[in-house]
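My questions will all concern the structure given below.
Labels A, B, C and D are assigned to the chains in the order they are written; within every chain, residues are numbered from 1.
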Amino acid sequence: MKNQNLIVLNFKTYKESTGDAALKLAKTCDDVAMENNVNIIVCPQIGDIYRISREVDIPVFAQGFENIKYGSNTGHVLPESVKEAGAAGCLLNHSENRLKFADIDASIQKLKELCMTSIVCTNNIATTKAAAALSPDYVAVEPPELIGSGISVSKAQPEVITGSVDAVKKVNENVRVLCGAGISTGSDLKSALELGTEGVLLASGIVCAKDPKAALLDLICGLG
Amino acid sequence: MKNQNLIVLNFKTYKESTGDAALKLAKTCDDVAMENNVNIIVCPQIGDIYRISREVDIPVFAQGFENIKYGSNTGHVLPESVKEAGAAGCLLNHSENRLKFADIDASIQKLKELCMTSIVCTNNIATTKAAAALSPDYVAVEPPELIGSGISVSKAQPEVITGSVDAVKKVNENVRVLCGAGISTGSDLKSALELGTEGVLLASGIVCAKDPKAALLDLICGLG
Amino acid sequence: MKNQNLIVLNFKTYKESTGDAALKLAKTCDDVAMENNVNIIVCPQIGDIYRISREVDIPVFAQGFENIKYGSNTGHVLPESVKEAGAAGCLLNHSENRLKFADIDASIQKLKELCMTSIVCTNNIATTKAAAALSPDYVAVEPPELIGSGISVSKAQPEVITGSVDAVKKVNENVRVLCGAGISTGSDLKSALELGTEGVLLASGIVCAKDPKAALLDLICGLG
Amino acid sequence: MKNQNLIVLNFKTYKESTGDAALKLAKTCDDVAMENNVNIIVCPQIGDIYRISREVDIPVFAQGFENIKYGSNTGHVLPESVKEAGAAGCLLNHSENRLKFADIDASIQKLKELCMTSIVCTNNIATTKAAAALSPDYVAVEPPELIGSGISVSKAQPEVITGSVDAVKKVNENVRVLCGAGISTGSDLKSALELGTEGVLLASGIVCAKDPKAALLDLICGLG
């Protein structure tokens, strides 16, 4: 049976995950997911979603969109456009793309309307609890100081993760918790799951690895 | 000989210009351009650039990007990504997406570096003159109150257009001037050209027309 | 005994509440509060806080500040500066000044640290519940479509108010609820209190009234 | 006769230039200016403008405002409020507070209307030239990488200063040029004036000096 835990790979805007390189990386993720029967979700840049979603079987999520409607919004990213390009879900409020509070709420509702999955990023226990009150599908707790640090939050600040899981369950038990920030190895993932999360959100540890496939294979060992 | 004047069609985020509809509209523009030997440039949403640029021969421009570099910029639009998706140029500083002054300068330089064409939108004679000092390929003068109004700036405020053309030529005679705001008919285009511009930037007049092809055919009559 | 319910008057940036006029209005509020033994809080513009706080006995709150620290932040509003100018509390996340989610959390913590009172504005039941999880002193529910409308939320959408009060109490019973949007008369205030709130946040109904003192006197009748 | 060159001191949001400390620093500037017959302008935080402008004779400028009109703009900084608080001019587009291009133009016009002086900060020769086309009273050229560095632009990049002076004079000879970034000593000021500027914009070199009065006295030696 397929392990239900998620590995969400944020492509950010690295050179290693832009354009042709993004497509290659997404295919690697697709291969690893299919061969090992695990859930990997890729989050490429908006300009790459269309081509990637045509070439892989794993879900493709957007890194974000704007709280706008059809109309006169030159240069802005419409949720419906992201959906039509092939995205099945979206990250919201990543630490590199913080959203206004009212826009997070509206965006979660919009994603529900479009039958897309929402992952709201948060930075501590209080904001995780608050985000859960907005009923997204997932929250991903990422202490900003550990993002890209190589120091896994699941090891360095386990109390943030367990505290977040507890707080979320009190507010809305249907919301699932992911663990982000500093995750790169199977061991990081394993401890994240042991703390009560249902997966991880990660980026540079895989995207910028010398051998992304090897890094992914190491990571998924953590699924147990 | 091909008329050198430009028709730049901003797709904005209308329902009529998102996803499949965007592709259809771009193909219509392509047909009209090819059959009539005129220059039409389409500016679809970022998520649609890849698929459109694979299917049309006319240039595809982006509606904007952000002044960022490869790296950790979740949810932001990287210039290199826009280029890899297939864009040959970009609108900058549209009234619906105003940029910081220093970012306009940096973005024009970035586009030069990527061998892409820059069109900087401005709102009056003073800002048009100032923008020309930054040496973009084009400036597009659009009094904001006329955008989407159906009232052509070339008829309602011809002095803004002639004043802009004069001011630009004093600062940098290589910068070409486009005329925006309220343009929709061949007659609007004709007067824009008579005022010294080298083309028009328009949107709803074509995109939201009942019959975009007919609207385009009427428009290009203005090229003379 | 003094009625504990609050009347919070947001001065916004009206001509009637800028500079000398702001001082005059604040003194009127001070007079009404003292003569009638009621709680009125004034929220003038940042440039007027110092002079007003020297001349009135009622609390002066800021309309907002930025999540920044001492240092190089030209043109930005430092929380410590607002405090030194004489503010005893602050509005956060007003619909005309929406904040990023993480900044709301950090700003509430900053206000606690500075021994200042926090009032977080929200727009519906879900965001009110989420804001309560961040433990501010007050939340002020204001459906944006009713702000400045003259249609009182306590009459037009009473279920938003009772739903907010219920949701807040479940998350953190120490957080008190204010009612905003369209409030101007004593009757509006009375119904707001009957719905379980502990006061109101209002602006144009008093600030732009022909006779603000008379309007305030009518309003406080609603305190019962 | 009084030397016409300007020393503009940006208080930023340092602890040494907030509230009571800001007032003390402004009085030191006032003393030095009066005793030595030189032009010093202080730019405190918005919350400190009122009290400082009542206590000093030298001009007080704001660090910025927003391009808004009287009305519903909770938490925003109205130009008229800054004027009423006592400001005689304003910095615009500081590198820590970059403005949108169209807002710089509108803000310069607004300052003219309010009979206030405008100083537009720019980051290189091209943007300085462009800013001059908008006809502010002053432009202040500040290569961002040197701000707060202690390395004077007038010594490290003299060609940026002379290039800016030349470019400005071609576009609008009434616009005067100030030199910013890394300025702290009399020697820095002297070289700035020799390169054709009419003064300097500086901050930490004086504000954070152990003895700001001594630092100012050293600085004004550079006026010759």
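Everything below uses one rule, namely that a residue touches a chain if its C-beta (ideal position, glycine included) is under 8 Å from a C-beta of that chain, and two chains touch if they have at least 3 such contacts.
These figures come from a predicted structure and were not determined experimentally.
Undergrad: What shortest step count links subunit B and subunit C in the network of chain contacts?
TA: 2
Undergrad: Using mean CA coordinates as chain centres, what's the subunit A-subunit B distance in Å?
TA: Once rounded, the distance between the two centres reads 35 Å.
Undergrad: Hey, how far is the Cα centre of subunit A from the one of subunit D, in Å?
TA: Taking the mean C-alpha position of each chain, the two centres sit 44 Å apart.
Undergrad: Going by the contact rule already set, what residues in subunit A reach two or more other chains?
TA: Each of 95 in subunit A touches at least two other chains.
Undergrad: Got a list of which chains touch which?
TA: After working through each pair, the chains in contact turn out to be A-B, A-C, B-D, C-D.
Undergrad: Subunit C touches which residues of subunit D in the complex?
TA: Touching subunit C from subunit D are residues 10, 12-15, 18-20, 45-51, 63-64, 68, 70-78, 80-82, 84-85, 91, 94-97, 147-148, 203-204.
Undergrad: Which bits of subunit C are touching subunit A when the two form their complex?
TA: My answer: residues 93, 95, 98-105, 122-124, 126-127, 129-135, 167, 171.
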